[in-house]
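Across the two complexes that follow, subunit A remains constant while its partner is subunit B and subsequently subunit C.
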Partner chain A sequence: MQFLSPGQIVVRSFVQLWPVWASLAVVFGLSVVYRRKLGLFGQVVESATGFAGLLLVLFWLFAAVFGRRIELFDPLSQIARMQNTAPGAIDPHSGLPYLFGGDKLARDVFGRVIAGARIVLIIAPLATMLALSVGISLGLPAGYFGRRVDAVLSFLANLVLAFPIILLFYLLVSPGILETPIPYTLAGVFFAVPIVLFGVLFVSGYRTQPTQLALRLALTLLVGAWLFATFVFNADPFGILKVSPSTLNIFIAVALASGPGIFRIVRSLTLDIKTREYVLAAQTRGESAWYIMLWEILPNARGPLIVDACLRIGYTTILLGALGYFGLGMPPESPDWGTMIKESSPFMRIFWHPALAPALAMMSFVLGLNLLADAIREQSLRD
Partner chain B sequence: MGSFLARRLGQMLLTMLFLTLGVFYLVNLEPNLRKLAISQTEMHATDQELESWLQKNGYRKPFLVRYATWLGLWPKLPNVDPATGAATARFSWCDEPAAPKFSGVVEGDFGCSTKFKVRVVEKLGPALEATGLLMFWVMVVMIPVALVVGVVSGMREGSRTDRTLSVISIATTSTPEYVSGVVLTIIFATWLGWLNGSAASATEGHLSFYNFTLPVVTVSIYGMGYVARMTRASMIEVMSAQYIRTARLKGLSFTAIVLKHALRNALIAPFTVIMLLFPWLLTGVVIVEVMFRYQGFGQTLVDAAGNNDIDLLLACSIVSVALVLATQLISDVGYAWLNPRIRVH
Partner chain C sequence: MAEPILDIENLGISFFTRAGEIPAVMDFSLKVMPGEAMGLVGESGCGKSTVALAVMRDLPGVGKITGGSIRFEGRDMAALSGPELRAIRGSKIAMVYQEPMASLNPTMLVGRQLMEVPLIHDKVSKEEARSRTLEMVKAVRLPDPERVMRAYPHQLSGGQQQRVVIAMALLSKPRLLILDEPTTALDVTVEAGVVALVKDLTARTGASSLFISHNLGLILETCDSVTVMYSGEAVETGGVRDVFGAVRHPYTQGLFRSMAMPGTNKNDNPLIPIPGQLPLPHERPNGCNFGPRCSHFVAGLCDRADVPMSGVEGHSGHRSRCLRIDAIDWAASARKGERLAPVGIGPRVLEVDRLKKHYRVAASAIFGGGGARTVKAVEDVSFAAREAEVLAIVGESGCGKSTLAKVLLGLELASEGLVVLGDEAIQNRPVEHRPVKTISSIQMIFQNPFDTLNPSYSVGSQIQRTLERFRIGKSAAERREIMLGLLDLVKLPRAFSWRRPRQLSGGQKQRIGVARAFAGRPRVIIADEPMSALDVSVQAAIGELLMNIQRESKTTMVFISHDLSVVRYLADRVVVMYLGHIVEMGSTEQIFSPPFHPYTEALLSAIPIADPSVRKRRVVLEGEIPSALTPPKGCPFQTRCGHKAEVAGNLCERELPPRRTVAEGHTILCHLPVEALQRMEPVFS
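Then we have the complex of A and B:
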């Protein structure tokens, strides 16, 4: 069998990733040209950490978007003679190289890492958004009304926070639980929350403009119903997305694990902001409680929330990896990074390459998010 | 202070009660009971045999009765042979009572492990000891390094040292245990051969630098950056305080300012962070114990969950929830004790 030299591997990988480099060049070119007009984003790009963070995050974003174009082999197909081959081995049949070698089931590690990006970059941000909407819609009233509402909601949040995450995953993400109505009930509640949140947002904000209100409510209901059907019942009326029950289960577990943390942040931000003058002014005007929470307090809490969301997507990625590492929820063939690490770690002493690539991928993506969050925090503190 | 503690303890008990009820509900879901029955009966048992095993061992009694039995508020009943009426102990391998008796968590009986065929206490005791040892070394490695890194980078905010150390700290918080474990094993065990990639021999009492370094370092790395970042933030805050300016104006040397005036106040906040880190480290401990084959609490938890070993899993959750709640309490009380400006009430 023929092999590429280390130099050739680097060059070939670089060439193979050309759509990513091209997109990165376009994005950063545009952001340098228009940095004056981009506000916070422009400042973040100008700082060294922000630039590095954005570079890493966008790299994986574009790798996920152009995945099918980048990978040389299908992430699930097996070519028997390529089993455990070292990086750069050339498949004699097609003449194409396994750039990062082959794993124990003779699959292309390079293609699998890229395909893993697709899985991670879809689930992690969406699950974070779900947790964010649940955290916001419970944290705002807890902080604003205080007293009994706060006591009950805080107790529930602390209950989940006191639960070790790993135990939660073992109990909640198992094939057995899919036979029970628990994941679907939880999903129903979780996905109903954002719909209600947006509904209340528009009702309280556009009370005086009935046409605008009707338009926005109709849109909310449509998008909400589509998401609800797709995720909770796995019956996308347009057939765009397929969400299997086990994927849904992962969504729910991850959202449940990070929801209470977001709740606590939103609650403490609300406690702080509700004493400001503009909130008092709104109260004097006789605005409704939900108007004040959603249109006065929430926009002014956005800075810390954006930073937290960035950190949390990274944390969710780590949780997803842990799920994969313990073989929970993900299908056994799945090319997500955690499952890849799990599959190759028993043979690490002999074949190191199938474990190293997904490990570095995971690390660089989370590092990018954390650097980005740090840069945003620095820049927003500056002014 | 007394009423504060009493209220907190009450809250803790309530939380424990709710959480164990939740766990009890989840492990007693029909698919999980089936899994248990399949693992406990012979191969290829028919549905009827599975059902009769569950029936015989009391898994078909009303849910709340069984929860109360487990808690110790309802008598634990032996198996009664319907034909002869003779009472035998439920599980022969651990001394379950052969006569009705209140024997639950409240009485100190944590039940039987169906997977390991021993009493839960016998299994959990050594496992906790092993994990305690791991945690001890993790703390010994992690805390000093994290505090030094945090203080050094926080005492001159924005300097080159600060930037470098900050990026390193962020990098370690982005590296979960299953990633750093893989990378470190590949470097130090596969390539260099300096360290052992398995800690299995450490469980048998042969603890050495060779077999224990990788697990300890792997767990430490993830938390280290976090503690360092918090220490840095706390240090920056202290260094911009009025009394530091006064000390500077008095003409004290920078070293004296940092060591005598800043350090002690700057270390109050990290104490809380370190306390709250314990539960967070738990996930890491589970991953590391599985990865390095170390027979501790984490490995026990995984085995219990994988086999739906009800009593063992419940005991594991009690331990971990108690750890979370206890560290929260210690961090609150300790913070008030270290910082006289804060009062608990």
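Then we have the complex of A and C:
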């Protein structure tokens, strides 16, 4: 069997990733040219931390977008003779190399890492958004109304936080629980939250403009119904996404793990912002409580929430990896990074390479998100 | 002649930011002699605090001294090493900042914080440090010094905290005391006490002081000389009486004209605001910085080159940065001479009768009951306001004026009593249950312009939202027109409707606040200290604007304030509140001349007045305002009243005084007999 030299591997990987480099060049070129007009984003690009963070995050974003174009082999197909081959091995049949080697089931690690980005970059942000909408819808009333509402909601949050999340996850996937309606009920509740949140947002904001309101409500319901059908019942009417029960469990786990943390942040931000005079001004002109929470308070809490969301997507990525490592997340053949590390771990001493690439991928993506969050926080505090 | 303690010569300071070099202070010179109190006056952004920080060599990272020198006791501060600087800071130069709570370490006992000063700087024993500290705590007239030493900062009131900070500053027997707006966060009567204390203590210890303030009246009362700053430069300097008696710079003159002085009022001689606004540091004009706003500006002369300071004839040490000192007729009156006819006061619009607002504070959330206490925020308040009338509610923090406003607006419900708006009783109707018409007919202007607008939306859309809410205008386009009309009304360019609040100055934001409040054509406007957070020259402009709109729309205005000079200028009638009670009520004339309630007398005496020709009788109140949780028995004011001894038989401590009518519409809540009240001398003469 022929092998590429290490230098050739680097050059070949670089060439193979050309759509990513091209897109990165376009994005950074434009943002440097127009940085003065881009406000906070322009400042983030200008700072070294922000640039590095954005580079890493966008790298993986574009890798996920152009995945099919980049990978040399299908991430699930096996070529028997390539089993556990070292990086750079060339498949004699097609003449194409396994750039990062082959795993124990003779699949291309390079292609699988790229395909894994697709999974991670869909699940991690979506699950974080779900947790964010849960945290916001409970945190706002807890902070704004205070007293009993706050006492009850904060108690619930503390209760969930006190429960070990890995244990919770084991419970969710155990057959005894899977047969009960509990996971689907939970998923139903969680996915209903963003729909209700947007509904309340538009009803409170556009009450005086019926046409605008109807338009927005219809859109909310349409998108909401699609997401609901896809995720909760795995019945995407357009057939774009397939959500297995185990993937659904990841969403539930993330919402339960991150929700209370976001709840606390939103609650404390609300407590602070509700003392501002513009909130008092809204009260004196008789605005409803939900209007004040969603239109007066929430927009001004966005800074810390964006920073937190960045960090949390990284955290979710790690959780995804950890769950995959325990064999709890995706199906075993799935190319997500956590599952890949787990699959190759038993043979780590003999074949180290199948675990290296996904581990580096996860690290760089999370590092990028953390750097980005840092940069946003720093830049928004300046001047 | 003695050596100056502090000698600043041609100082230049710049901030180096992303946008490049921004000069903050230019060509600034100042001398402070031993024992002298120097005042530094200017509006926000003029560089006065930057100078103070530069003296301490404590500029933030991006700030650099670009020229000139600062000499303290003959030594160049720039040449000092770290250890040498530390030996001077807090020891030979001490500083007192605006926020007392931020200057004290909240986790340390007051006594220990104070003892650190002699322990570190004088290296004395613990016992010695303790005795010195105790003596100083007594010197700043804190009640029960032993207890104060064992308290944490948050257990003291604002005034007491500031006294602790002053004690800390004076413990090391500094040669120079820098006070940066030391009383701005305090109530007027407390401020008067602190100012008197500083004056007394610096005189006794022989320390020089640099008193930074935006309040000209305070400077006149505390300082020997004054330096006025504008846009990073000193524009006028000299002895306090020289400068205040004979102003020789158009900016200083503008400041005086924009202040409400005794004798001014809204009808006879309206205030004259300084036109325009402070130039941004990187957009300063050529030549005189004040040129574009100056009414004496001469093109070709004032805008040619930097203007040097020049001496004023007849006064030693009085210098001004003006090229036309001799050409301007300084005595000429700027008053246009036009007198506005007083507005006819209409029928009753708002009536408050025997209003009470009590809050229950539970002692414990879990083991409730038992320990629940009551805060009597508003106790038995009755007054009426008529159409086109300006009714001022005066009082210090904790007097219940903000609670009263909340009850009127429906944000809180009354515990007892009546609030009648027009012919509708609204005391028990929270704002969410009020019809739109009622809501729009009673609106509010808020205190803090930096907080009154939502930073996330353009100012135009915020006014439009109010219109939408009040169902004014049929379509979005029509509402937009109305909104633009409101911008015209508050004299802002229409293009501002697209701006975000952060792109506006404080005064412009407050104008938007005014436009928003008047959007629903209210019958009653509640203005909660709408000018107190603004600079003097901007205050005048906002005050004028409010009065003009109010005059034309015949709106009733309930003007909440602690600043009696502003109240005297614009109110028709005044209500003085103390601890939830109305202690005196009457027309503005009646309130500002005897007979007084003893509290009104003290309040009047506490106003700093920037006019050397006005003589003031000093009435300094001892102690602090009691908490509304534990109000004193009997008369609410008896703990601080100077006239208590004149009432026989401890009546003040036992019974709530009767409401005495001393003249038509003038009532006073006091045990003193009417004759005794009549005998009171006027505060101003």
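One rule holds for everything that comes next: the second predicted complex is superposed on the first by the 377 of 383 C-alpha atoms of A that agree within 3 Å, B and C clash if a C-alpha of one lies under 4 Å from a C-alpha of the other, contacts with A are read in each partner's own complex, and residues count from 1 in each chain.
Just so it is clear, a contact is a pair of C-beta atoms (placed from the backbone, for glycine too) under 8 Å apart; a residue touches a chain by one contact, two chains touch by 3 or more.
This structure is a prediction, so every number in the text was calculated from the model and none was measured.
In the overlay built on the shared chain, the residue A:296 is in contact with subunit C alone; subunit B does not reach it.
Within the superposed three-chain model, A:105 lies out of touch with both subunit B and subunit C [touch as defined at top]. A simple residue count on subunit A separates subunit B from subunit C, and the partner touching more is B.
When the two structures are aligned on the shared chain, A:321 is found in touch with subunit B, with no touch to subunit C.
Of the two partner chains placed by the overlay, neither subunit B nor subunit C lies in contact with A:65. By the touch criterion stated above, A:284 is placed in contact with subunit C alone, subunit B being left untouched.
When both complexes are overlaid on chain A, the residue A:217 reaches neither subunit B nor subunit C. By the touch criterion defined above, A:276 lies against subunit C but remains apart from subunit B after alignment on the C-alpha atoms of chain A.
Annotation: subunit A has no residue touching subunit B in one complex and subunit C in the other. Those residues of subunit A that touch subunit B in the shared complex are 49, 155, 158-159, 161-167, 170-172, 174-177, 179-180, 182, 314, 318, 321-322, 325-326, 338, 341-342, 345, 348-350, 352, 355-356, 359-360, 362-363, 366-367, 369-371, 374. Residues 208-209, 276-278, 280-281, 283-288, 296, 299-300, 302, 383 of subunit A are the ones that touch subunit C when the two sit in their complex.
Across the complex, subunit B meets subunit A through its residues 15, 18-19, 22-23, 26-27, 29-32, 34-35, 166-167, 170-171, 173-176, 178-179, 181-183, 185-186, 189-191, 197, 279, 282-283, 286-287, 290-291, 298, 301-302, 305-306, 316-317, 320-321, 324-325, 328. The touching residues of subunit C, counted against subunit A in their complex, run 17-18, 409-411, 431-432, 434, 436, 439-440, 443-444, 446-448, 451-457, 466, 468-471, 476, 513, 516, 520.
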